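Take a look at the structures listed below.
Each of the next two complexes has subunit A plus one more chain, namely subunit B in the first and subunit C in the second.
Entry: the complex of A and B
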């Protein structure tokens, strides 16, 4: 979010209201309150001293209907903003048609983080390292925002503008993210893989998501690839996608996609890895994500989360 | 402005007036007076503060008390039946799951959440579930074996 609140607040100036409907939440946000869902980013960020908790908060965690997972008219999937990672990693439709999203949610924090952390909080935090971003982009994710002037829809690619920054106004509530219908012609598979030094309680050093569609003869007819923690925003890589279409989706094709992802990466150096290391790993992790998506498209079962089982591929 | 809330902690309702920024952990330890839950990091890293909120595992140090208004909160004190320890507590004691005891309240709550969700977990599932609970003493082995033993006992009893 673009809200740059926050100086330390005195106890007497702090307010909290709990919204039981979208209109109440939006009204409170228009009056300057910051929404809080699971609090796993907002409260923990304040503990880190990153940004003190805003003086005015509106609890959105109990707004009815925002935790639903439901089909859209177009055959896609509508995920309410309050859907938790614990729900996403176990939802039968997500596991069957959007497994890359389950791969991502299954590795967020610990089981306590996943039980409370929401999709909406993950998306609106606009972190370039957040895990659901790459699979959401690959599945055509569209944010449904409600503000004082009503509802608008914005592709996630147009929502995120930089670390912690988005094109959503401070008084716009994310109510849902909608995903495309799985490709009708041919078999498709998706995946998300991150480079991690440990399997839980980790932040992506590098991540990649992929959706691959195969024609009847096994040729790749469609491909989407997005990279995580490799630029100020999570984004798709057209060159990696082009490198896959028309191929057999085998190792060489996946390797070419990985090379394209590495070429497109603009990583930073920080405590978790140098820019050079991240760029080198972009090739490996993208390759693994593509190979996993291809395996799933072929009907092979790859357990969720893919990050735990795709070493060495 | 302080906010009036009601927390039901281990089945007992507590009407409280809290600062909107007060954590659930500080509220339960300070205002309710139940000090079983520990503060290790105040940062969602160690799990020593873990409680169940409406059955969900929560790092209470990083959860606002106001957000738990009207919820059922379970702390380690709520796991036993009076002086009779819960099977997980017994198993931690007999299988080397406790040394200094600082991680134990959160570890027990975390394990309770796991077994509620997945009554017959694999070792990998157990290790994954307690990965947000740091223990600097036991090396985790006794903890993992204790949780597995309780799951096996329950399965044997049907």
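Entry: the complex of A and C
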């Protein structure tokens, strides 16, 4: 015999504050509020019963300056937390120097998701399936967090600790993500490719990002590879990177990188795919991401998003 | 016979100006239309359900005291608050609120009405239910084993259709038999056996269902997003034990149904809450509820087929065994075993047949009508099986179909002799549209192929009624019991009346979706609206026409035989200036009204003497014939399939409104591709849904859609709907997955034996050694 009584939270009152500057937002967060910008994770998640809407919200979408895309002093790129996916997929600098990030931004959710969803929300949601994660890691992404004690900078690799979990304190607001300067010493290209069952409204079943730099003779002099939806966090795969450096960046080298990615993967089985399938796909998708990055490094034009163009390749 | 083509993506053919844009289109696409969830009532309360906590359990006790004590709660009702009656289509096996047992995760145990939705849901969670948990029995094939516990212990006492063959967990069994299939099979040159399994899928209307109930005295009005308002009315009357005349069902704009909103569902639950609280009560489903709670999904099916052929492609024997998952309750799906068996035969010449189909109870969500129930899965299996048969005798699969498809004068599985039908014509048309010759010449890349599948679907002849009344300004109103589910079939009725009355379709308004206004109608199911209600509208319009001509004859002092109706006037033939307008005749105050039902066409004679469990569908009335051809590209390394090009050729008789009919094919093909590749309800080991949401129940999106080319093989079909028309709504999903499956098999070299043919399943099939089971 069993007696069941489900529990839900009481329909208590909620508060909403709209911040016009970072300090106000951080103060509200210190008092327990959760930040909201596009709302594409928070609101949709609440509706799906993932987590109830927080009792206190602070709107950050009107804070000036947080939606800017601007060069950094070191020649890199600073992406404000409120930059939308729609902006990222069309920004000339992103398309020219960080095309993998454009590949990812162009396939997040639907048109509506991309128009409303922000990079900051995506990063702080810490989903192992987030599309922008792998290209951000490969481009050396650093989170700029502001809390009551001031600003601190955390490499994204040190930020994400698991699904929905990060090392950011509850009262720290992400204000920007900064990316490395593109390598000055050679031709480079980046990409993001995911396994998808349909072309819109999709989430990564397996994904891979790559940044490849070629020397004057076409040899791979630098490589970064990260994999998505294959572990509790998105992470780089050193063995895949090592398999590329010194090679011609051809099919066999990309295949070796794919095999290394599959070996490093710790996939789960769920409704989207079995662990065995995901592991096999890690090899295929990583191979395609690497080959796309190499093509772009060689100056070939590969349209954004790369996932569409690599179908069947 | 005539043929009309639809060039790519639906532009209308200029020489056939029959495109009539539906009058409800603009309000729907501009957001002005009001759906049920848009209605608000003074003092309204919000409803929520407490669903079963286990897929299978005996209820020991229910305590609602904590729920009732929550501030803002107005009522909590259970089985104790409603009459102790069961309901259901061919078997009455369900109660409004579970009493002795819960039989699936969506069984309703209690209902709450409260000041807000949040309070209602919280109160529903506070209902304390004590259970004796029983083992879930989601395996619908295993449930027919002799030692399997019987889910409906008291089934022998249930009211049921006397033609159902019931046994243990087998809710219905049907055998279609023609000749001696066993002997013929033994004499065949080649015998091919196949086994295919289809998972369950869903209708997924974009509008989650919504209802509002309000009592006035002892009468109740329920605004409901239903496809079948008259069935809903009967359900409320029966379960609450009140006269049908005290129940009125009104359907505001309906945001899609695809079959899932057929049948009586939650109208009585909301009505009892409204009665107890003496307030209007509103229920709006969440997306998750829309997946989990309706007793309506496309049935899972286990299909074994065996065909014996001669080397020159004559089918001498067909044997089949099909097991269908009925789920926990019958709903309106009691006839599915028979439908499935007909689709295991298909529109082919078969010398002998023995197909057995079982409809089994399980502790899963009940299955019931979803667009062409049983047909897409059975057709998917049969059409892949036929390609296997063709391969076994070294024949092109299209050639095998050329030799075996039925034509006029041929005999169906139970002896039906077909009248004028265009099965073979649909095949040739689809081949031409898809470019099959170029494919055979090897002009496609090696990761692309063309697959072809044929199918059929019956028309359902049932009574239906309509009134046509003229208004003083010379316009007219059609009052009909028919229900518009989004297909446009009700919106197209003015075309039929306008032609008879010499008026323009835009001169008509339509009063519909209100059981107090229109005559009884079966509702938006069975592709039957134009077929049956169209006939009723024609007859009603003819009565009005006769009255107008008589009035005109008097006014114009002319003989009726010399008059015509044209351009909104009665006029003398050959002397159009001698006329009187309809507005003048109708504006006198004398009512000009016509009513109609028309004669219901009957199915062709058949010989079902050897069949078992007959439900009267062993011959198909005015069968619609379909051929689909798909060009697909398979990503061999991932198993992801894209449909690049699609041809749909249909014999639906004469097409009344081409733009509407084309729309049904576009939508039906997209739904069929979804069922083929990505749509399935995945469940845990106890049958609970794991993907009740739109992220992981993967519908196809507009971005995934191929080019779809359509050709209508127009035949003035005898014994059919108005003008020789047949139905259109369901057939466009029937052979779609079979065509896609056959194309995939041509690329990867083997047939995927599970539906949907997901990327992972295609990948497994493509990468497993030949001859090895997946």
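Operating definition for what follows: the second predicted complex is superposed on the first by the 301 of 313 C-alpha atoms of A that agree within 3 Å, B and C clash if a C-alpha of one lies under 4 Å from a C-alpha of the other, contacts with A are read in each partner's own complex, and residues count from 1 in each chain.
Here is the rule we go by: contacts are C-beta pairs under 8 Å (C-beta built on N, C-alpha and C of every residue); 3 or more make two chains touch, one makes a residue touch a chain.
Nothing here was measured: the structure is a model prediction, and the numbers come from that model.
Of the two partner chains, subunit B is the only one touched by A:15; subunit C is not. By the touch criterion defined above, A:72 reaches neither subunit B nor subunit C.
In the superposition on chain A, contact of A:201 is made with both subunit B and subunit C. After overlaying the two complexes on the shared chain, residue contacts for A:161 are found with neither subunit B nor subunit C. By the document's definition of touching, neither partner reaches A:30: not subunit B, not subunit C.
When both complexes are overlaid on chain A, the residue A:311 reaches subunit C alone and has no touch with subunit B. In the superposition on chain A, A:93 makes contact with neither subunit B nor subunit C. Of the two partner chains, neither subunit B nor subunit C is touched by A:219.
In the superposition on chain A, A:53 makes contact with subunit B only, while subunit C stays out of contact range.
The intersection of subunit A residues touching subunit B with those touching subunit C, taken from the two complexes, comprises 11, 47-48, 198-201. Residue ranges of subunit C in contact with subunit A, taken from their complex: 53-54, 60, 66, 116, 118-119, 121-122, 125-133, 286-288, 447, 633-638, 640, 642, 677-678, 682, 690-691, 693-696, 698-704, 758-760, 763-764. Those residues of subunit A whose C-beta lies close enough to touch subunit B in the complex are 9, 11-12, 14-16, 18, 36, 39-40, 43-44, 47-48, 53, 57, 59, 61, 86, 109-113, 115-116, 198-201.
Remark: subunit A residues 1-8, 10-11, 47-49, 195-201, 203, 270-274, 277, 280-281, 284-285, 311-312 touch subunit C in the complex. Per the touch definition, subunit B reaches subunit A in the complex via residues 1-3, 19-21, 23, 42-45, 47, 50, 56-59, 61-64, 66-67, 69, 110, 113-114, 128-129, 131-133.
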